[in-house]
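Step one of this worksheet: look at the structure below.
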Amino acid sequence: MPAVQLNNIKKCYGALCVLDGINLSVEPRDVVAVIGQSGSGKSTMLRCINGLEQIQGGSIDIVGHRIEPGTHSLRSLRKEVGMVFQSYNLFPHLNVAENIMLAPRVVKNVPKPEAWETAQMVLKQVGLADKVGAYPDELSGGQQQRVAIARSLAMKPKVMLFDEVTSALDPQLTGEVLKTIAELAAAGMTMILVTHEMGFARQVANRTVFMYKGQIWEEGRSEDLFSAPKTPELRSFIAPNLK
Amino acid sequence: MAYQMHFGPVLDRAPEFVDGTINTILLSGQGIVIGLAIGLAVAIIRVEGPRWLDRIAVAYIEIIRNTPLLVQVFLFFFGLPYIGLRLSADTSAIIAISFNLGAYSAEIFRAGFLAIPKSQIEAGLALGLTRLQTIRYVVIVPALKVVFPALTGQLTLTLLGSSVVCAISASELTLAASKVESLTFRSLETFLVAGAIYVTLTFVFRFTYWLISLWLFHRKDPARFQIAGALPHGQERVEA
Amino acid sequence: MIQSFGFSSLPILLYGALWTLILSASTFVAAGIFSLIFALLRVLGPKPVRLLIAGYIELVQATPLLILLFLAYYGLSFLGYYFPPLAAAVISLTLYATAFLADIWRGCIEAIPKQQWEAADALAMSTPQKLRYVILPQAFRISLGPTVGFLVQIVKNTSVTALISFVELTRAGQLLNNMTFQPFEVFLTVAAMYFIICYPLSYYSEYLQGGKRARSST
C-alpha cells in the first residue's frame, strides 16, 4: 500500500487553479523529488499533503489518514508527517533542545527524559550534537535548517516533506543540509522533496516529478527523467541546469 | 433597574451642545495648529540645533510627556499670572494644549526626519540648498508621510484630551454637557449625547486628516515636486 | 483655614500619590486581563466577535476618558446603582485602557510571522498549544516596551478622576491649593511627583524598545 496517494486533487484561488488534478503515489521508502518552475504549484502540493492548505477536490490518503475537501482535524495526521520549510521557522525564543523537545512533550506527552534522549539522538543524526544549548540566532543558516530537520525527526514521522530547504542557503551550507537529507534517504525514510538542486534530485531521489502549470507533467525514475526527458517543457526546464 | 431614558429634556438644550461643540473645535483646532508648529520647531532643533538647545528640547519633551495634561492645564492657568500674564481660562487652555501637543508631535516629527535616508539630504545640499531649505523642500513631505498615522493618532488624543480643560471652566463641550446635566438632572442621557458628539467629531477630524493626506501625498501637480523632482528618485513621488 | 505650602503639605500629596499608584495598578491588572482576552479574540475569534471587539476599540478610542468617567459616575447611578468614585474610576479607566492595550497586544500577536504558526501546525500542535508555547512567549517579548509605555499613559490618565472628586494626586493638589492659595507651588510639586513616577517607566520603555520609536499619546 502506498504511503502517500494523491487522487486527482484540486486547489484553486478564485479562478486560478494552482493544482489542477494531481495524481501521485509514493511507496514507503520512496524518495520523490518535485521539480518545476516557480509558481508551478510545488509548495502548494506539499502544503496540501499535511493540511496547511485545504483542497477543493479529490482526496489524499497518507499513512492511514484521509484528507478530503473540508477535512479539518489534521492533528493526528501531522503527528506522523514531518515538514521542513525553506525559511527554517525555528522558534527563536527556544534553544535547540527546547525547539526539538517541545512538540514531543506537549503533543505526544513524551516524558522529559525520553524526549531529551530523542533530542540528542536526532541532533547527532544531523551532526549538531554540540549545539543543544544554542539559540537559533547563534546558528548559521545551514545549522538552523539541520535543527529544523532534527525537530521534525523527533516526532518520529512516517513521511517527511521538504520544501526547498536549501534555497535560502549559500552553496557551501547547502552541501551540509543535502548530506543530512541523503543520509535520511539511505536510512529508509519516505520523503517528498521540492528542490531546485537537479543534481541532488537525480542522485538521491529514486523518482522525480516535474510539475508544470498545476499539473504533473512528467514523472518517472530520476535517472530516466533527467537523461531522457520526454516533453519539450521538461527538456527546456532542465537544459540550463545540465551545464 | 427600570430606568426610563428621556432624551427630550437633554435635546431641548441643543443650543448649549452646539456652542460646546463649536468651542471644542475652536479650542482643539487652535491647539493643534500651534502645537504642531511648536512640535515642528522643536523637532528641527533636535535634529539640527546646537547641543545646548537640544538638551532644553529634550527636557521640555520629557517633562510634558511624563506629567498629566490636567496638571499642565492647572499650571498654565494658575502659573501664568505669576509672571504677570493674566489670561482667560480659554486662552490658558489653548496654551496648555499647544505645549502638550508640541512635545508629542516633536518626537513624531523627529522620527519622521530620522526615517529619511541621509542620501536624500546630501543630494539636497549638493544642489546648493541650505539645510533649512533642504528640510523644507526635500525632507518634510516624505517625513510627514512616514509618520502621518502616528501624528493623526496623536491629534485625535489631543481633541479628546481637550475635554479635561473643563476643570478650569474653559468653554468646551464637556463643560457645556456638565451645565446641561446640572440643569436637567439627566446625567446618563447628557453624557451619552456628549460622547456621541465626540465620536462624531473624531471621525470628522480623521476624515479631514485623510483629505489632507491626499492633498499632501497624492498630488500629481508636478510643480509641487519641482525641486525634489530634480533629485534621484525621491520618495516624494507617490503613485495615486 | 489658610496655611502655607511647605513640608507639612507633603503628607497630603503623598497620600494622593499612593492612591494614584493604587488606581494605576488596579487599572493595569483589570485592563491587562480584558486586553489579553480581547486581543486573542480579535485575532482568532469568529468573525462577529472580531468585529464586535474592533467596534468596541474604535468607539472607546473615539471617546474622551472624562466622558466615560462621568457616564460611570453620574450616569450609571441613575440606573439604580451607586458607584462610589473609586469604583467609577476603576471601571471607566479599565474600559478606556482596555481599548488601547488590547489594540497594542493585538499588534504584537500579529507581528509574529505566520511561518511560526505554520511550523507549530506542522508539528501537530493544537491552537492553545501554539499560543502557549510558540506565539504568546514571542509576542510577550515584543509587547514589553509598548506595555510599559502604556503604563505611563495609565498613570497620567488617572489624574482625570480628580474631576469626580476622587482623591488621588491631582485632587490632593486641588485640595491643598484650596487651603494654601499657592497654586503654582502646589501644582509644580504635583507635576514633579508625577514625573518621578512616570519618568523611570518611560525610560525603561524606551530602553526596551531600543530607544528608537517615538511614543504617541497624551
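Labels A, B and C are assigned to the chains in the order they are written; within every chain, residues are numbered from 1.
Following the convention adopted for this analysis, contacts are C-beta pairs under 8 Å (C-beta built on N, C-alpha and C of every residue); 3 or more make two chains touch, one makes a residue touch a chain.
Since this is a predicted model, take the numbers as computed values, not measurements.
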By count of C-beta pairs in contact, the leading pair of chains
B-C
Let me spell it out: compute each chain's centre from its C-alpha atoms, then which one is farthest from chain C's centre?
A
When you take the mean of every protein CA atom shown, which chain's own CA mean is nearest to it?
C
Quick one: chain A and chain C, Cα centre-to-centre, how many Å?
47
Between chain B and chain C, tell me the centre distance in angstrom, where each centre is the average of that chain's C-alpha atoms.
21
Between chain A and chain B, what's the gap in Å when you average each chain's C-alpha atoms?
54
Where in chain C do residues touch two or more of the other chains?
none
Among all residues of chain B, which ones touch two or more of the remaining chains?
none
Over in the complex, which chain A residues touch chain C? Could you list them?
50, 52, 75-79, 81-83, 85, 87, 89-93, 102-103, 106-107, 148, 151-152, 155
Which residues, counting only chain C, touch chain A once they are in their complex?
115-116, 118-126, 129, 133-134, 137-138, 141
Of chain B, residues touching chain C in the complex
1, 3, 62-63, 65-72, 74-75, 78-79, 82, 100, 104, 107-108, 110-111, 147, 150-151, 153-154, 156-158, 160-161, 163-164, 166-167, 174, 177-178, 181, 187-188, 191-192, 194-195, 198-199, 202-203
Complex contacts: residues of chain C adjacent to chain B
59, 61-68, 70-71, 74-80, 152, 156-157, 159-160, 162-163, 170, 173-174, 177, 183-184, 187-188, 190-191, 194-195, 198-199, 202, 213-218
